[in-house]
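Everything on this sheet refers to the single structure shown next.
For clarity, chains are labelled A, B, C and D in written order, and residue numbers in each chain start from 1.
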């Protein structure tokens, strides 16, 4: 079972206008750089993108905004992005803001075959409007639904040919849940190792969730806020 | 001492040895640098790390290692990385002892508004709504009044809520309040602040604790 | 050829190159040893392993490495370990291509009963109810009739159900059935079995596929 | 933060008659041997035990059955245990059978602050009786509730003093979810390493979930079904 792609052309051809794509990363950390730029080059429109953030103006998912490919964005925080504001205010861009923990859990639920769950997050706020409320042990919760994307874009550190994935530090973030929540999951990685070279106890995402693997080169890994200790 | 410094110095006292703590983005993040050496806490950041260390030296900077404010950080001994669902399992499941968050408004019944101002661009709530519902203790730190001199401690929040009845402790540049079921209670006056000043600058109805502490 | 061997030899053909497969406890487990070398599949066991290898040599035996039937096993190259919640996320979330399970009764609408017999001690359903709802394709293997010669392929199951309308394919020592929405369909006769024999030994109403395959 | 215990006496003193204890392990693999035998010696009664299995007659949770300490058992499979059958038939033992995946998810939900979720598992079966049914996208699901124990008994391979845990092979099984689902979680391990010695990318259970750590000696690790390849 060799899932390694030599180029992204094949998977990009399968993505059509109007697709829903769930995308890993937190800020610019652990984002699938190559998949995003490839999708920008491909130019499909009217996408629904589910990701914690929407990149910055000239990098990450911001590239898709710049190219006006996104119809709807589902995210928890979009404050780093001026293009986002412009397109939202002009009505070009539809936005669904979801609390970060609820977003992570909705993706996990989607991947785990759980159509809905209850959480206290958002009770009594605008987030709860129109949602089913239910009491458990005298406390009120709201129902939130699982999310499954047509495609899932994942960035990992290492993979083997079966698609077992290992992440590095906080670049893990949403990637493991995103990997489970795509009908077709494509993982881009910095390094591919031979089958059996990853310790089975240390694999973060089992290859069962991954349909295709792509090895990217020259990762930019831009830093949003460089903070260092006083020398 | 500036108001901000007073707030932070009081807030750091909320951290007790052995706690796992989430510090919100902005002013709360500054608390990390003020923790006394004999208080051993593990700082959690919701993007997937328990055990935040100091900011990195230039050569240590790693783009794969950031906090929820997207700042480059380090990890200390005993740290662990995890995914976002696991991170919020910790938070939502009540495994984080304390969260210290910034506030725009706090109401007398412990409502918190800290994520949006109508008419301004909505940036999103990030993890704030999860934190206020999940962490065992919620401490809010903010200026007592806004730049127009209006009280941010309200009878009812005017801004959209982050959570209802979620605040356990409010620390401002003027005072500290608790929120027992019996109602909002003034428990401390910051150094040099009088009860009268707090009464004048607080819109919310509150009771004064019988054991009111006057910091000197 | 025994009936059991016929069932197993037919069942192994359900495994296609590249599949992730869960084999139930008991007879289905035997399929693992019959997979052709050119069919590369990853076997999942719900206690937390994808990529079951052969049974261990004596010196390889590891009490920390078992399958769902509590047998000692090995892991093959490319295997991964995970916890029980993750294991059933794979199953429930539709990431397992195929599950082959034993059966006590199957009904014409694809109901499966395979976990308890009223009056006998209840052992528990283990992971069977999750598997039948989650795996992409459910193949049931069982004898066509019980030891009293009574059909186990029923119009309605008499035993408590494991799942309703969950079976995609039933393989018995006599025949193979599919369960399209139009109703239960006989698609294959096992070697040496006549249509009449199947009709006599099947309680369930079924249609005969226009492309009925007669194995020789 | 040193959570390492020199003996189990202290935690055993906190466990009272009638407590609910969630216990890791699958069959006899990855079971908290020392905690179970210690609880047997302590002798508290009327326990509710939540665990995938109930041991065998003379080992694992079977020891608590033998000592008549269990009032109610929540499990997915109890077929390895004759004592279980006897006590169940005589009415001494109450039993709640839960599908294995639902049990794992109920423990995860309990630990994650999710009071309830929906699953298709068990729909149309005895498991669904009395439970709320709901349709999502035309398919029927039932509501299942989170489980939290007063205590959680976990077996891991290695720990550091903060309680970060690493498991080995399929001895992981229910242990990570059980670790999250206890008001007080006690982990017993084969080896303790210094703080910082576990790679933070490879920790399976964060110490945030673990209140106490105990290092056991001479693990029996009994095998239920020794199966070997033909020589």
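A few notes on this one:
The working rule: a contact is a pair of C-beta atoms (placed from the backbone, for glycine too) under 8 Å apart; a residue touches a chain by one contact, two chains touch by 3 or more.
Given the structure is predicted, the values throughout are model-derived calculations rather than measurements.
Listed here as common contacts of subunit A and subunit B: D.
As a whole-number value, the distance joining the C-alpha centres of subunit B and subunit D reads 35 Å. In this assembly, the C-alpha centroid of subunit B lies 55 Å from the C-alpha centroid of subunit C.
Centre-to-centre spacing of subunit A and subunit D amounts to 33 Å, using the average Cα coordinate of each chain. Shown for subunit A are the residues in touch with two or more other chains, namely 105, 108, 112-114, 119-120, 167-169, 172, 200-201.
For subunit C, residues that reach two or more other chains under the stated contact definition are 49, 75, 81-82, 88, 91-92, 133-134.
The touch graph of these protein chains has some other shape, matching none of line, ring, star or complete.
Every pair of chains in contact is given here: A-B, A-C, A-D, B-D, C-D. Contacts from subunit D toward subunit C in the complex involve residues 26-30, 52, 75-80, 85, 88-89, 95, 97, 99-105, 107-108, 119-127, 157, 167-177, 204, 221-229, 231.
Note for the complex: subunit B touches subunit D at residues 17-18, 20, 40, 42, 44, 49-51, 75, 77-82, 86, 88-96, 133-134. Per the touch definition, subunit B reaches subunit A in the complex via residues 45-49, 54-58, 61-73, 75, 81-85, 87-88, 91-92, 111, 121-130, 133-134, 160-165. Within the complex formed with subunit B, the residues of subunit D that make contact are 1, 108, 110-114, 160-162, 164, 180, 195-196, 198, 200-201, 203, 206-209.
Residue ranges of subunit D in contact with subunit A, taken from their complex: 105, 109, 112-120, 134, 136-137, 139, 141, 145, 166-169, 172, 200-202.
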